[in-house]
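Presented sequentially are two complexes of chain A, the first with chain B as partner and the second with chain C.
Then we have the complex of A and B:
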């Protein structure tokens, strides 16, 4: 009888403690849940709902139009061109940021003295606002007194008064360079952090086995930083889909370089097609997440332990 | 004793009446309004207005390009971006269709409307939506010293003469690219093409908004071809494809790097006469816009003050609009580079010799037409965007003039049907 009573008392105590933990847990997550609901999920649902209506202040009412905004995207030639530009930016930015970012991280990982200063210098472009970076590069690309033309002319190349934005290929590369300049430091930092977590004894064992530096890089370093690379590639993808500042400052609304985000801005704030702009924003978000998901799933499949 | 009594009564009466009279003179004293205008504005506007009316003004300034997004986001959300805001001529169609601004017919007297000729640009279906405060129209600004140095004594009156003069200036090595012409995807590129279309003797649309620029012998077509030819002849800087009109005008013309500002703004004359702001001070003058026929033409791009319907301080806002567009203030505000919209103020400034290139400005002002005789359409932003995109593509050699004209027509047709 005594043991039954004791057991009952213990169960009650455990339940009380468990309930207390649950309440505490709920209280702790409540702020972020409320904040996310108010600032992310509610606006998202509202945006989805509005994208199914005609929201145009120049026309009366906001009638339900179903998926008309989404269907209209298929015949929007300006949008099609902007999507092509955006995909080109994404491909260039993700490849260059990943490849060069890993190489830079590997080099910085070898530095033993003053690494923190080097890292601080590398991170600087990322720390600056996108518009500031773009304005700096606008001066660099200036046809007359620009630094780039000046340097090329020092090598005897015919770049006197060369206008970098007068052909589409050159303009897209020039905008991409500025974006990569700003975003690559983040790739470097993410990959470098992962590299510094690799145990030294793995490299020592490889050295004893006679592995070359190249073999160690491809057999030890790269496999162990794959998840970090996936994170970096996801970030590079999302930021390239969100490219706006660089293209806006360097080439304004030029059709040659106009990414889809500038197209959304023009539709929304210039043409006052608010619900079309909302539908476009949602599509960009979904496409960006889907492309990122490819990296994440790929890395998950190659790095899981089961 | 009786005299003392009477004096005391008189003083007591005065003490009671004078404050009451003062309140009548400033009936809105103590109220507060917000005003949103493009930068720069004179520093003493708020203080002077408060001194005159007792109304406190919180004057906010933004760059011109940043004002419209701020207005649109606030107004579409049903809030007032400010009690009094900038209202550009190019927004008239959209803002009228959106019904965001209160008509001002009942508070602005007929004499004022009659004195401000460009007020009709802001009148839609009989509703005056804004009171113009800056008389922006197009003249041509030239560096007279460059012309003189090139041996040119007579200013051009025809487009052929203009091109010939530019070639002569270039040949003499005075400037590498004598003509300042924006070719970027900005409003400045569009407005220059509109002016050259007028100069070629035509208009953009007929009365039913059918495009008039598709045929090779049309004015718009010839204007685009002229822009391309001037670029090919080396009269226009190839870098203009990426330069805003402000960069071409503020930087290049002000530094003497160009000799002719095709789409000249009269308000800039003050800036170009100031040695602190321009290295060409004393060299710049306005001339009548040269045309194909020799008879000058121009069009207006005035800016006005409007009051959002959702403004909570309508009375004080109206007082500010009246004060800011009064003849007295307009004459004083010319010192800040704002050309008066009142014909009477313009004439007085010219008569007093204070108006730089006064004769040319007054003569050009008489020729100012609205760009759209039917009123600015709601699809103007799409049209303007299509125009500058087409100009940019032509200048980069990506499309022909023929394709560019068709692209503009197609984009306009699409915008009209939306």
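Then we have the complex of A and C:
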């Protein structure tokens, strides 16, 4: 009897404690819930809802227009151009950041002395504000006094007053270089961390079997860092879809180089097509996530057989 | 083990030199340009090392030799922008890390209704880019009269970086052995005592990593303050591109202001590199 009573008392005590715990837990997460609900979830729902209406501060009322905003996108020539530009940026950025990033990571992996400092130097461009990076490169690309033309002329090349933003190809490459300069460090850090996690004895065994460095890179290193590469490619994709600062500072609103995000900004805050801008931002979000998903799935499928 | 061949070592060193040149070259050039007289800018052949140094550009920023652009004093604008950048980034960092630390602890250690759903919902918003909520946020901030205020912009930064900080803090708490807390609980210590006196002092590195990521993220924002901090609370990132107008681009001023905007993140990277890397890795393996 006493033991039953005792355990009953203990139970109620425990229940009281866990009730108190639950209240405390909810109190501790309350700031998160309030902040996220007010500043992310509620606005997100509103974005979805408003994208189905005509919201324009210049026109009265917000009538329901169904998917008209989404249908209009299909016949929007400026938008089509912006999409093509964005895809070009994504392809250039993801390929260069991945290939060169892997090479840089394996290079840093070979360095024994001062690796920490080398890594700090490599990460630095990523840590700087995007617009400041863009301004730095604007100065480097400057036709009359810029560093790039100056160096090319030191080599005797005819780049006196060469304007890098005159043609579309040049401008897109110039913007991509700035974006790559900022985002490649992330790829390097992610891939390098995976490389450092590969056990040494794998390389020892391969060396005893007489494998060359190139063979070891392709048959040990690369397969073992595949999932890290997928993560890095996902990051690279999402950040290239989100390209804004670099293009905005370097080429302003030029239609030749304008990525989708600048198109959204112009539609929304210049043309005041609020709901069209919202529909667009949802589409960009979904597309960038789908493209990233492709990398993840492909990599998981190919690694499964190793 | 055979020693690496000379050619191999040479290749590595050349590669490292190129990598350093690529990463630091543009930064070096900015710092040098900030100290070069404007009249020397278009000297050809170009001098990769400055021929003569000047403090003119920095003095104009600091307001020592007062200069005017378009009737507005540059130094007053610059000082306000620097102050705004520091205030908003620091406020967002402190608030974000504090909220994430408390919430992260609750999400890992305390059982309460809705725990899983709330955590997943919060972390999933990392996949949603900020511009998808920008317009409703703008209307919300106008309704609250929070456009161009410290409160408004700080709260937006907090909501933007909270998911990442929370994700990081939870992984830090999860790595902590629970036996310590259980022992304290047996001794009759309350939850809050355990959290503040035992757990938080142990997760300093995790807090530092979350703080660095939030600070660097807030410091580098452009599109958000362009919309939400247009005048009174305008940060450096919005001010610096304004130095280039259609007719005249003052590169001396731009590189000098850019150098200031570079120095603070650079110090963070140099002195807190280890925490930054661990934070980046925790944040990227979503």
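Odds and ends about this structure:
Simple rule for what comes next: the second predicted complex is superposed on the first by the 261 of 306 C-alpha atoms of A that agree within 3 Å, B and C clash if a C-alpha of one lies under 4 Å from a C-alpha of the other, contacts with A are read in each partner's own complex, and residues count from 1 in each chain.
Methods note: a residue touches a chain if its C-beta (ideal position, glycine included) is under 8 Å from a C-beta of that chain, and two chains touch if they have at least 3 such contacts.
Keep in mind the model is a prediction, meaning the values are calculated, not measured.
Touch criterion met: A:125 reaches chain C, while chain B stays clear of it. In the superposed model, A:168 lies in contact with chain B only, and not with chain C. In the superposed pair of complexes, A:231 makes contact with chain C only, with no contact to chain B.
Residue contacts after overlaying the shared chain place A:219 against neither chain B nor chain C.
Once chain A of one complex is fitted onto chain A of the other, the partner contacts of A:284 are limited to chain C, with no touch recorded for chain B. By the touch criterion stated above, A:245 is placed in contact with chain C alone, chain B being left untouched.
Contacts of A:104 after superposition: chain C is touched, whereas chain B is not reached. When the two complexes are overlaid on their common chain A, residue A:269 makes contact with chain B and with chain C alike.
With both complexes placed on chain A, chain A has more residues touched by C than by the other of chain B and chain C.
Residue contacts after overlaying the shared chain place A:137 against chain C, while chain B stays out of touching range. Comparing which residues of chain A touch chain B with which touch chain C, the overlap comprises 142, 144, 269, 274.
Interface of chain A with chain C (complex): residues 18, 21-26, 28-29, 31-33, 35-36, 38-44, 46-47, 50, 104, 107-108, 110-111, 116, 118-125, 127-140, 142, 144-145, 147, 150-151, 153-154, 160, 181, 185-186, 189-190, 193, 207, 213, 231-232, 235, 238, 241-242, 244-245, 248-249, 261, 264-265, 268-269, 274, 277-278, 281-282, 284-285, 288-289. Across the complex, chain B is touched by residues 57-59, 142-144, 161, 163, 165-168, 250-256, 266, 269-274 of chain A.
In the complex of the two chains, the chain C residues touching chain A come out as 1, 8, 12, 15-16, 19-20, 22-24, 26-27, 29-30, 33, 41-42, 44-46, 48, 99-100, 102-103, 105-107, 110-113, 115, 118, 121-122, 125, 127-129, 131-137, 140, 155-156, 158-159, 162-163, 166, 191-192, 216, 219-223, 227, 236-238, 240-241, 244, 249, 251, 254-255, 258, 261-262, 265-266, 268-270, 273-274, 276-277, 280-281, 284-286. Interface residues of chain B, counted against chain A in their complex, comprise 68-69, 72-73, 75-76, 94, 97-98, 100, 184-186, 237-239, 241-242, 244, 378, 381-382, 385, 388-389, 392-393, 396-398, 415, 418.
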